[in-house]
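Here's a structure for you.
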Amino acid sequence: MKFAVMINEGPYQHQSSDSAYNFVKAALDKGHEIFRIFFYHDGVNNATRLTIPPQDDRNIVERWSALAKEHELDLVVCVAAAQRRGLLDENEASRNGKDANNIDESFRISGLGQLIEAGIQADRLVVFGD
Amino acid sequence: MKFAVMINEGPYQHQSSDSAYNFVKAALDKGHEIFRIFFYHDGVNNATRLTIPPQDDRNIVERWSALAKEHELDLVVCVAAAQRRGLLDENEASRNGKDANNIDESFRISGLGQLIEAGIQADRLVVFGD
Amino acid sequence: MLLHTVNKSPFEKNALESCLNLSKAGSGVFLLEDGVYAAMKGTVWADKVTTALSDKKVYVLTPDLAARGMNTDNVIDGIEMVDYAGFVDLVAEYSATQAWL
Amino acid sequence: MLLHTVNKSPFEKNALESCLNLSKAGSGVFLLEDGVYAAMKGTVWADKVTTALSDKKVYVLTPDLAARGMNTDNVIDGIEMVDYAGFVDLVAEYSATQAWL
Amino acid sequence: MEGDVKKFMYLNRKAPYGTVYALESLEVVLIGAAFDQDVSLAFVDDGVYQLANNQTTTPNDGIGMKNFSPTYKALGDYDVTKLYVDQESLEARGLSVDDLMPLTYEDEDDDWAEKPSIRVVSREELTNIMDEQDVVLSF
Amino acid sequence: MEGDVKKFMYLNRKAPYGTVYALESLEVVLIGAAFDQDVSLAFVDDGVYQLANNQTTTPNDGIGMKNFSPTYKALGDYDVTKLYVDQESLEARGLSVDDLMPLTYEDEDDDWAEKPSIRVVSREELTNIMDEQDVVLSF
């Protein structure tokens, strides 16, 4: 079956991203397809490559990034939500005259249409939030 | 009177930072002193200089930054909370081998002791959160 | 005496209820953000708030009421309406502030 | 039939109550994260959850129970305990998933 | 995008301004309107406050946030015409439909007659509507 | 830091793991212990779950988060010895003090006798304790 996942909260503050990760991993283990994972609201904060969690804690961003590489996952960050919160890729940063960018290469920035499309294309959409 | 303020949520997702800003501005208008504003939990996200809010919306980071410059406010970001969430200044970035930093110059990174000290030194501590 | 701040809707979260249960007679309850809905007449919470007024002061932040389209004419009698400047005065007036997040 | 997910404690937020009020007989209610506390015997919520079991299926995510120190022996009778793999199966089994955030 | 039309529901259960969910939910609805799906919005619990009339914010006097409620009035033009409001949620808050914005749309199947978009429904009705959905986006 | 000792209270009302507040609150308490203030912790509402016994997480099997509950056991060594637990919050959740971690400290004023740090208190007691505080940090 084809799943899509929406994540509405940032890493560490809420369990949403952890729960979504465990769900996605279990779905992949069972042979399901993950059509897309869409990060919205504070969920865009999951995409920062600048995170430095304590040694004995999980690295949420790296975990998503590794899973994406292993399974060619489509990790999409909402551009409007990301800009509000200071999450930029190289392209967005230079277009907006910002001197740095912080999005991990495993994530791509795109519009909300990607969320609707995921709802249309996937057999199931699961929302993780606060 | 001497006030200290603690902000526990990031910009835009929750009203906490807006309420704290309006409170601080009103306190300054009345001639009170703001001893320190301490950003904890997702509150550290208030310090990113990479934010690009929509044209017709408020710029929360810039607003804090301008107020800090005008009144020499001490805006302190908790280092542990910030590292977890990918908020770094130049120093933290280079010490941790990160290729970018994102903290606005009006904020400084420090430890939780600064929060306790604010509680001790200020006449009142007000917490804004979710 | 403490000034208790409540920024959550009483319909959504238990913050106001706990605050009312654990605040002393004579203390202040300050409603802001989504907490301001508790100040309105005619809701299922109005009776509890009215009861609280018998031994506590209750305040509501008017800019938060206005943003949410809540008519100040419908604020429960006895609740004091203040702006941010009034909020600052209250924080100074009470001995300490306790947030019910 | 929908699978309703509830990730909030019924003591803190109104998500479970609204979910139970607005879910059809035959639908599923999936408790995860802080929502798992609703699955425990002996709480002020236990009766409502037991009543829901009369016409709905209720599931609880065991890893979330374990993290919180909740003993699976004290889970209300009739609630089905599943792991993340079971969660995936349930999402596939029901026609759609509705989150009560 | 493709031939199939799915039933999309946006479930709104949070008050405006205190959190961003109401505003960012509306942004999804506006984008989603271009996809020609069968769209419904549900306003339950504090979500009903999103539709409150007379929301007033000004930059320099007030909470300093933008009043985004006028955007709901544009939904009709985007063919988003089914806004279901839970009656019990209204009543618990001492509100009636008269306290909400008068949202309307022009019905092309009825000689463009202006009709109300807000439909106050009972729990039972809303439960049935929700159960028919293919995709539920929760905010 | 200075001569005055203030009464600091940490108010914990949220469950662990679902949100980070419990963990990051504990980090403040540990740092704050170095400042020689009069420290109390209050566990109210879902905050009482923070002290639940037998919390179990493992990286590869389970929720994938660190079990931080052992840190509460170290509080006694940091001279954080007053953990007030709201009795009604426990009861509403079907819990008793036996379901909580057996936290203790050694009382230097009583020949280092081992004493319980957790003090289950009534609403009235807790209300009085809270009202005496100079600084309340809420999580």
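By letter and in written order, the chains are A, B, C, D, E and F; residue numbering begins at 1 in each of them.
Everything that follows uses one rule, which is that a residue touches a chain if its C-beta (ideal position, glycine included) is under 8 Å from a C-beta of that chain, and two chains touch if they have at least 3 such contacts.
None of these values were measured; they are calculated from a predicted model.
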For chain C and chain D, chains touching each = E, F
Taking each chain's C-alpha mean as its centre, the one farthest from chain B = D
Chain whose average C-alpha position is farthest from chain E's own = F
Check: interface with higher C-beta contact count, A-F vs A-E, is A-E
Chain B to chain F: how many Å between their CA centres?
-> 27
How big is the gap, in whole Å, between where the Cα atoms of chain A centre and where those of chain B centre?
-> 26
Would you give the residues of chain C that are in contact with at least 2 other chains, written as numbers and ranges?
-> 7, 11-12, 14, 33-34, 63, 96-97, 99, 101
Residue numbers in chain E touching 2 or more other chains?
-> 13-14, 17-21, 45, 63, 65, 134-136, 138-139
Name the residues of chain A that each touch 2 or more other chains.
-> 8, 12-13, 15, 19, 22, 41, 57, 80, 125, 127, 129-130
In contact (per the touch rule at the top): chain pairs = A-B, A-D, A-E, A-F, B-C, B-E, B-F, C-D, C-E, C-F, D-E, D-F
Residues of chain E touching chain A in their complex?
-> 1-2, 4, 6, 8, 20-21, 24, 27-28, 31-32, 34-35, 37, 134-139
Touch list for chain B against partner chain E, complex | 12-15, 18-19, 21-22, 56-58, 130
Complex interface listing, chain C residues touching chain B | 5, 7, 32-34, 63, 83-85, 87-89, 91-92, 96-97, 99, 101
Contact set on chain F toward chain C in their complex | 9, 11, 13-14, 21, 44-45, 86, 88, 123, 126-128, 130-131, 133-136, 138-139
Contacts from chain D onto chain C in the complex sit at residues 11-14
